[in-house]
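Read through the structures below before going on.
In the two assemblies presented below, chain A is common to both, partnered first by chain B and then by chain C.
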Partner chain A sequence: MKKQWLSNFILAGIIRFLLMNSEYQKVISDRVEVSTALNSWKRVTEGVYLYNCGIDPYTGDLFHETPIGLYVFNFIQQHLSQWILFCLFVFTDLLTAVFLGLTAKQYATELISKQKIEEKLCNENKETRNDASIVYTSMIWLFIASFQINVSLLYIVPLALRLRHDPMLLAFSYLAIIAIFKSYPCIGDVGFYMSLLPLWKHLFQYTQQGFTVGCFMLFCTVFAPTVWYQWIYSRSANANFYFGVTLAFAIAQIFFLTDILFASVKHEFAVRHGINKDISGNTAKLLLE
Partner chain B sequence: MHFKIPLLSFIFITFIKCVSPQNDFFDEELMLKPLPSNHVYAYFQFTTVWETTKDVTTFQHSHLFPRGLGEIISRHNVDELHLTLTKGLWHYQKWGYPYHDAGPGAEITTWFHKDVKNVDDEWKGLTNALAGLFCASLNFVNPANSVSPEYTFRPTGVVDRSGGVVDSVNSSHLRYSSLPREIVCTENLTPFKKLLPCDSKKGLATLLNSAYIHNTNYHSIGIHFRVICSNTICTKTSLELRQSVSLIYDTVTDVSQDWSIRKFFGMGIRRACPLATLSNIYIDISSNNTNQIYELVPSPSAKIVSLRGGQLNEIAVYDIRSHSSKGIFNIQVLYNTTHTAGLNYPSILYANRYIIGYGQERGSLVTKIYNNYWQTLDIILLESIPWYLPVYLHSVTITCGTKNIIPLAQRYLPGKERKSPYYLEFILRLPPQSVTKFSIEMDYSFLKWQEYPPDANHGFYMGPAIITALLPIARNYTALPLDGSTITSSFNASREGYLVQLRTESLLISLPTPDFSMPYNVICLACTAVALAFGPLHNISTKRLVLKRVEMDWKEKLLSFLMKKIVKPKKKEE
Partner chain C sequence: MGLLTDPRAGSGKIIKFLLKWERPLCFFLYISGIVWVLLLALPIFNDNTYFSENALLPGLVTKESNLEQITKQYYTYLINEMKRYPDVMPYAWLAAKLNQLHLDVFTHNFTLIYPFQEQRFTGQNIYGIIRAPRAASTEAIVVSVPFRPIHSIYLDTAPSIALLLAFAKFCRKQKYWAKDIIFLITEHEQLGIQAWLDAYHGVTSGNGGVLISGDLPGRAGSIQTAINLELHSMKIASIDVKIEGLNGRLPNLDLFNLAQNMIAKEGIRQSFQRRFDVKYKNKFKNWWYHFNTLLMMITSQATGIPTGNHGLFHRFGIEAITLEGFEKPGQQSSDGNFYQVGRIVESIVRSLNNLLERFHQSYFFYLLPSTDTYISIGLYIRSLVLIIGGIFVKAFSMWQRLQVSASTEDKKNIVVKQSKDDGFDIGIITSEILWAHICGVTIATSPFALTYVGKKLDFRTEDSIYFGFVVITILTLIWPFYFKRQMKYKNAALICVIALVELGTVLMCIAMHNFSLALLVAVIYVPYVFILPIMPKQNFTKFHRMLSFGWVSLHPFMIASLIIMCYTYVNFSSDSLPLILFRGYRAIKQAFVFSIVDSMIYGNWLYNVTISTMFPIWFLFWNILCSNIL
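Right, the complex of A and B next:
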């Protein structure tokens, strides 16, 4: 198991490092889907440069990082060479992967034990409350609330109440909702919650729209750069084309999220009642009421 | 009894003159300068100098000074004002240096008095008032397209140093703005002419016919107001107003190279303005000696030889008063030979600017500065970049060939969306005989859909960069010395340096444009997406999952009944 982890990490690190040093680095970092006003490294460089010139970077519009971030980036850019900087990027990415992996592992063990308890409890017809998860939920809740208060504000309370027994799923849904409705969406946000996808392996058997969503996303990935090029470079298309693609991508993500949530509800039901679809001999179906 | 009336009126007039002495004079001049490229540069200058101090009561009564402009100047406490309205691009390389540098479109530079508290308010008031006075879109000047450059502009007039501060020149009281999209036409020329004491009824101003002067390769009208010293020790001050018209006529395309006042302006000169002390026409005939042979008809009243900063010019002078006594007169330049190309001594400093990169996402702004002099030249480069083109200071590269050039000084203020432009000023030392390339990376930003002008796909104009230098020699130099007011003062005016402020091209940039019917699409489709998210999430969070028996409606019941009927007999048969 550990050997497999290690080999995967080394492979991922090498790919990341090669991409960074390849000629595609500039192309990728200039892509509108990847680099936005909030995460562009060029803007960070500009902010640090202005800071070193004695000009307040916050008088302008380009720099949006925090003042502590400014000091950190200043330190990084002054004392680290280009290679170490690249290695640092790869390292932070791998660190994220480690944490995600550990979280997933933790969640999986918790899920199994919880499932066992739940099955037992269901058999005994008893209900208990999980206080720890509520604290956990409210922490994430605060964190997310500061993130975006526009569209997602609407969903915070209902989802928190509904998914109070599964804080991980709640966090996942919040992340997905933010990625969908964020004002400067970028592929990094999507990538973050997508990387949590293996957590829901046990829900895949209940999902219904995997094919649709997959096709949607594939088409959007191909179409987005194409219509962007047509609009911005060859000027043979207009803004509607790109807007349409982003919208389609958002809808695909919505389908994906709701599918996972429905699957989790079904899973919950199945754990309690089994996957039997018969009521005293007659066929029955699952309905939300 | 008969002689009393003239006597009385004489006494009356003397009385008035004694009570309100008008220490002012007005000069009208026209310089015609044939250029080596077979163009002719015509420069009109109308100078009003009024020996008085600039205070609140000054402009309550004026004699020759235009009162309308005077009131605006006194109301907004302006120390110095330069306003130009220009169409076309001045080719420094071909045409030398003009009397007044002016960027394409409208350009305005103002020094406010140091007592002015809220400069931005006064700036707004001033530009709005001038917009009304000159029928120009100066009301579009706002803090988002104005800068206060530190090095480029210095006061050209007297600076009030009272108050104890040694260096009271503070760029916080300076505003500069350019509107490169402004189109200059008749409606600007008419109010311009109305500021003249003789209007356009008498004198040189009668030549300013819009049909003729807007048909030129380049035309620029300018208003230049400043406070100057009246005596050498500067104990008294005067107000100086220079109104200028610069025109470039093309004689290349014509059948013959001959030109005349009548050909350029549609009419001859009838009379001098009676209020003018000086009414002269000058023709630069330096090129006549070298290679082009032409004849002036009628012959000039006088000839002046001007040696200035190593440049020798011969100038023919026509005094309008003496020539117009016989009626309308016309000055003709008649060539003996057919088309001849002039010998061009290229200007020692010029620049051009362009954009590199393709697409509407990002690009680079490049300014190339040419130094043709055998020594180094120190220049100031001013870039005022609109807020919708965010530039990255760390991407600035200044190279001369393969060599990097480190600026001697640098000023930068990052822009803010809809609030202020990106202001960039560099002092550079240009190596001798070199081309220096300045480049900076920029992004093209997306604007709000109502911020796009009509015909958004036409693009956005970006004002010129200004390159300021003190030239060591006066080759192709025409501008008046700082201490001079009239064109005559530029003859034999050798100084230590010759100030030029080159303007580069204004650039047309096409920003990414939305489809202007998009708000409808966005509202409809984005709402659909939100609804698609809201429905299922609402269902999940408010409803619970139950197992329900499949209830059949009558069609399904009938179908299943029939199915049973068909299936059962078969079974019986078996």
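Right, the complex of A and C next:
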């Protein structure tokens, strides 16, 4: 297991390093999907340069990092050579991967033990089933309410209440919400929560929108650069085309997140009441009404 | 909210309906898409063209030019000069004439290093700039003419050079220009204009080191619009307005309208696709005539090859058209009518001079069934959306069937499973898709390797590329038979679903750039995709075998060859069959080389995109058709 991890990490590190030094580096760093006003390294170097020249980097509309960030970047730029800087990037990426991997492992073991305990409890008191379903329904209403109110701040509290026993899912949904509602979103934000997707493999059987969401996301990722090209370079399409595609992508993400959250509710219900997909030989489908 | 929370979304009525009527529904969508295209040519489906940009003020100025005599003089001198140097452009004479008018005159040298052969060709463009007396040289209009030597295979353009000089002389005296006017005479057809534009903007549009455009000694402002003139005679009976540019880009509809209106105003017959506006009383005839015009536009746009020098401006966000003037067949060019032609050019350029912003008001995406009606993107895109909708319906119902079969399988295994094993082998599926795409990219970049090997074997470029492609085609066709592979039905079906979704996405993306190409590809590929037999081998009948064999003819190289053969047959139908075949064979060879060379010089993406997207999709289906599905 550890060996496989190590080989994967080395491979990933090498690919990242090669990409950084290849001719594609410029193409990638110029893509709007990758590099935004908030995370562009070019802007950071520019800001540090201005700072060193004695010009306030915040007067222009160029530099958006925090002042502490500015000091740190200044230090990095002054004391680290280009190669070490590259290695630092690769190292932080790998570190993120390690943390994500460890978290996932920890979560998986916890989930299994929790599930076993719950199943045991459920088998003991099957009589309370009716009450449970009432509570469950009212929870669903709370849930729907939390999605109806379209201010992202209002998502936080209801979700936190609802998912207080599952902080991992809560974190996941917060990450997804951030990626959806953030100004200047980039592909990294989406990639971050997507990388946690394998954690919810046990929920996939309850999801309903997999195909739609998959098609939507694929379509948007391919379609967005083409309309962007037409807007910026050939001036034949305007900003609205690209804007429309980003909206469609956000909708796909909302579908996706909702689907996962509903699936988790169904899963919880199924575990609590010991429902398997097969009831006396026939496939049962769990309906939320 | 119902959309998201509807619990029956997985087994709703709609899905049951889809599963039951999948194939008829797909074909219904396909056919309705085709019918929609046919309907587009109906006059009720078109709108009359109109001017969207107010600032153009077309035809409101008092035209002052009378270029007939001056043009004639220049023409006589030019013909003399061209006869003295039958193979080259009379640079010195042209530069001297422009200098006499006190324009800023410059020459531009460019070099083409012909790919694969390392041959060098050089050329020269000459241009003169009238600086705007009323503005600070920030904007410019281009009037260009391609120079053609006397022995050129193309139609003569000397009258348009004479007109350009005469018009320059006229413009020099006027005080109202708010934009610089660049008078440009280019050499070597599209190479010259491409090199000049690259140099003007300081970029390289094609591959590096192929067309070396160098730098320009003098510039004007940022170019707003361009008019390219190709007048073939001193007595012009009709003027054709050409719009299709590189990769199927079109100029703003306002510019096209402006040209058509000004031509009509001066009493010269205007045409589009060399077809005049004819109104038949018979409604069917009328529709058929318009539909043919529309079809000609679609086929010419689909190739992505510019129909004139205007087509290379579009990439830089410059709206451009070509005015091609023809004489009446069998008419002596004794007395000219350049009084009118000069006025057409004058009124167009003066309208452009009025522009306050770049063209942006009117449509960039449109189809034209005649000179005075248009079909906007909102109308024509529906046909393709219907066809592509069929692809997604097919993909979705295949996916749903997979889900259903997965759950019935679970039923058979009475062992109660906590978490369902979905049964897809992700490894096989991803590697299959990845390899197909790697093959596509490799083939797209293979011409270099092919010509390298060909050179060692003493082949000509054409031959080495053609035979290389033949070998590649044969290899891709037989390799699934060689490695008799087995695949679970589920995996095969999922690969199909992914390939279908990819096909739909790719077609939509192509449609945004070149609708005609996407439409033609969709019309050819989509119905076949609907009937492909994706099922376990033991259920195969003879008909299924034939169907899967027919997929061979849709290999990108095969279909390209077939289309070119048909085209040759249509054009030379009077020849004997072996001669047609030989002609077709030579045309295919040249078409392959041209498409590759075009992609390197001009950045035409027809070859690259078809090979790197359509080939993998074709290959994925082919692999599944040939593997032994269990």
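Keep in mind that, in the parts below, the second predicted complex is superposed on the first by the 246 of 289 C-alpha atoms of A that agree within 3 Å, B and C clash if a C-alpha of one lies under 4 Å from a C-alpha of the other, contacts with A are read in each partner's own complex, and residues count from 1 in each chain.
Simple rule for what comes next: a contact is a pair of C-beta atoms (placed from the backbone, for glycine too) under 8 Å apart; a residue touches a chain by one contact, two chains touch by 3 or more.
Since the structure is predicted, the reported quantities are computational estimates derived from the model, not experimental observations.
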Chain B versus chain C, judged by how many residues of chain A each one touches: B
Touched partner set for A:Ile55, first chain B, second chain C, both or neither: first
Chain B versus chain C as contact partner of A:Lys3, first or second or both or neither: neither
Which superposed partner A:Thr258 touches (first chain B, second chain C, both, neither): both
Chain B versus chain C as contact partner of A:Phe219, first or second or both or neither: second
Touching partner for A:Gln208 - first (chain B), second (chain C), both, neither: second
Chain B versus chain C as contact partner of A:His273, first or second or both or neither: first
Touched partner set for A:Tyr233, first chain B, second chain C, both or neither: both
Residues of chain A contacting chain B in one complex and chain C in the other: 233, 235, 238, 255, 258, 262, 277, 282-283, 285-289
Chain B to chain A touching residues, read off their complex: 358-362, 387, 390, 392-394, 410, 412-417, 422, 512-515, 518, 521-522, 525-526, 529-530, 532-534, 536-550
Residues of chain C defined as touching chain A within the complex: 1, 4-5, 7-11, 249, 314-315, 317, 358, 360, 364-365, 392, 395-396, 399-400, 407-408, 410-411, 414, 416-420, 422, 501-502, 504-506, 508-509, 512-513
Touching residues on chain A, where the partner in the complex is chain B: 30, 32, 42, 45-46, 49-50, 53, 55, 57, 59-62, 151, 154-155, 158-159, 161-162, 177, 180-181, 231-233, 235, 238-240, 243-244, 247, 250-251, 254-255, 257-258, 261-262, 265-266, 268-269, 273, 277, 279, 282-289
Residues of chain A that touch chain C when the two form their complex: 144, 147-148, 201-202, 204-205, 208-209, 211, 214-215, 218-219, 222-223, 226-227, 230, 233-238, 241, 255, 258-259, 262, 276-278, 281-283, 285-289
